[in-house]
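These are the structures in question, set out in turn.
Across the two complexes that follow, subunit A remains constant while its partner is subunit B and subsequently subunit C.
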Partner chain A sequence: MADPIHHETTHATGAIHEAVHEVVQHAAEHHEAHELPNWITLLNDHFDTGWTHFLHQWENVIFSGAIACLISLVAIRAAKKDTLIPMGIRNFVEVLFEAIEAFVTGILGPHGTKHAPFLGTLFFYVLLQNWLGLVPFMKSPTSAWSTTVAIALVTMVYVQITGIREQGVWHYLKHLAGNPQNIFGIILIPLMLVINLILELGAVPFSLSLRLFANISSEDRLLLNFAQLTLGSPFYIGFFFQLFGNMLAIIFSLVQAFVFMLLSTVYISLVLPHEDHEHEAETAPAH
Partner chain B sequence: MDFFKQNIIPGEVIVQLLAFLIVFWALRKMAWGPILSALQERRDQIKKEFDRIETAKKEIETLKAEYAVHLQKIDDEARSKLQEAVDEGRRIAREIQDGARKESEQTFQKAKENLEVEFAKARLELRREIADLAINVSARILKEEMSDTKKQEAKVLGIIEELEKAR
Partner chain C sequence: MMLPLILFGGPVVGYLIGQYVLVDKFGWGEFCLPVSVGLGFVAAGMQTVKLIQRIRNYESHNKP
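Coming up: the complex of A and B.
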């Protein structure tokens, strides 16, 4: 793959082209060349010493941390400007938060407001991490499974805690045991328990994390391949494909973040008490 | 299994987990909580303001109706007062007219009486003057024609008789 690209490049001139080509080629030759290079891999390639190795090892954490800081800074700064008529950044954040709240309460009902902070944070955190891969010399931390597993595990634990809190321990355990109604139900308890535990504690975080990771990492591969195509094509015709690929990546990142939040919301709604129980809870002096 | 080992790095997972938990906790405490409660507050406030506007509108409506009734009343009063004033004016005018007519009649009556008195006086005067004249005339006649006494006597008697007749 590197050879025809190199062949094409000899015809083209320009320092920028050379530099970019070198980077891309390097990435292609690199042992994990499935993404566009970021500044940490560039540093690592250039210096190749202990601290760059360290940075490279923790690059996902570094980029995640950057996104975390960005979100926190923007949101907390906005929250501090509490006026009756919102302006600027506050207005922007309020619009986003209100949209999330409306979405969450649309699925979970009016009691869902208290889950909006978790689901909203999840959404923005995942979305910005997905989009970070589109910024030159940055990387999507969500293209690594470790990152998505961490977020999915938090989601799973949050969902289970919500289940215990909303249903009570007894109902929660009954739910895990498959709601036994008769003797067959009681006989089937061990089986149901195992199935439910595997489903809720294993399958939920597994599917959530794998979906996000697989989508974003393949998206990054797509971006890399389009970049290579651009450099390899005559007159850089591939650039249009690259633009198209970028737009797709923007949309897919949004969709993936949304799907992550949507599924988390649905998981929460599944562990919430059913309608008739909810009415009881409403009439009684509730939690 | 190798795929898992290659892709899921436990240390990284733990750090990422902590990172997300910290972000979540911080945002919930410092951003979501205040902003969502502020939004709710604003919603409540807007609703309250609208309710207040609605009640104020209704109040204004009732006030308007009240004012209309008041204005109507004032209008009626004014009209009735005006009517009264006009009636009073007419009454006064009639009184004045009557008074004037009566006075003029009185004056006329008095003038007439005066005239009659004057007339009577004038007659009296005239009679006296005539008497004087008659005396003068008779005196002159007496002076002039004492000679023919008998004739004279007849003449005077004739005159007196005529006078008596004329009376």
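Coming up: the complex of A and C.
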């Protein structure tokens, strides 16, 4: 006589297997095997209406907007609980912020404190976007180049504004012209100006965005391939590889967010007043 | 990625300025082209050295 409980369990396992298989097949067929599908792509495939098309088109903006809202809510909630002894979420946020501040001032010096809010927000924004892809039916917006380019452009604008504010317009233009000290430096001004403009306005956002996009999109591909391996392997042995892949993705996402913040800090440090100006100030005649 | 871009960009900028500005627009001699490419090399090299020096300075300042 057949055991009904065993039969039900087998039936449920089979249903889950079919559902997961369908999801992975869906990813392979409809998304050119780039990443596991998220709830928006599933909605779009099942209902196929104007709204779902709209959501699908703007899915990166929706997911990154959700992360921005989450960070804002946590920050507002932490800021509201103004007590002498920080407790709960405020305590947690303070610990994180102090760690970021210590790191930033370690590179930029004591004046770096004012850049800590921007750099800290950047770190958590990128980190949470990277980790979002590990949640089932969610997506890492940073696996799309458009998102990383947007973040990198914001960073580039912030760096340039910081450079103009800290150095002043004249020294900033001199910095772009390569700080000419002699006649040879003056001859090189047109070249230096173009090279520095390419460097500041092109190379910085390009390198920041490409590094993050390439790492996170390859992580997503890795997770999809491990999911396919899990379904294709006997006794789901591939699951252990998938677990390993998820652990790697958690670590790499953290590393990439940290690298993004570190490089942004270094770019800010490069536009701050430096030794060339200090040397000029030392050698300038006293008035 | 910044240093390779500078080292690549310097001579390219030198070539573009030499070809399209000095030779085509100002009508200077063809000898301007190798000179401006050479100056592009020099500018890229100088900028690279400056960047490395500044990063070294920051590292030495931040040593405990």
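As a convention for this text, the second predicted complex is superposed on the first by the 259 of 287 C-alpha atoms of A that agree within 3 Å, B and C clash if a C-alpha of one lies under 4 Å from a C-alpha of the other, contacts with A are read in each partner's own complex, and residues count from 1 in each chain.
The rule we apply is simple: a residue touches a chain if its C-beta (ideal position, glycine included) is under 8 Å from a C-beta of that chain, and two chains touch if they have at least 3 such contacts.
In this text the structure is predicted, and so the values were computed from the model without any measurement.
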In the superposed model, which partner reaches more residues of subunit A, subunit B or subunit C? B
Report for A:Phe241: first if it touches subunit B alone, second if subunit C alone, otherwise both or neither. neither
For A:Ser207, decide between first (touching subunit B), second (touching subunit C), both and neither. second
Contact-wise, after the overlay, does A:Ala78 reach subunit B, subunit C, both or neither (first, second, both, neither)? first
Answer with first, second, both or neither: which of subunit B and subunit C does A:Met192 touch in the superposed model? second
May I ask you to decide whether A:Trp58 touches subunit B, subunit C, both, or neither, giving the answer as first, second, both or neither? first
Any idea which subunit A residues touch subunit B in the complex? 58, 60-61, 64-65, 68, 71-72, 75-76, 78-79, 82, 84, 93-94, 97-98, 101, 113, 116-118, 120-122, 125, 141, 144-147, 149-151, 153-154, 213
Interface residues, subunit A side, partner subunit C - complex: 106-107, 109, 178, 187-188, 190-192, 194-196, 198-199, 202-204, 206-207, 210-211, 266, 269-270, 274-275
Along subunit B, where are the residues that touch subunit A in the complex? 7-9, 12-17, 19-24, 26-28, 30-36, 38-39, 42, 45
Which of the residues in subunit C end up touching subunit A in this complex? 1-2, 5-6, 9-10, 13-14, 17, 36, 39-40, 42-44, 46-47, 50-51, 54-55, 57-58, 61-62
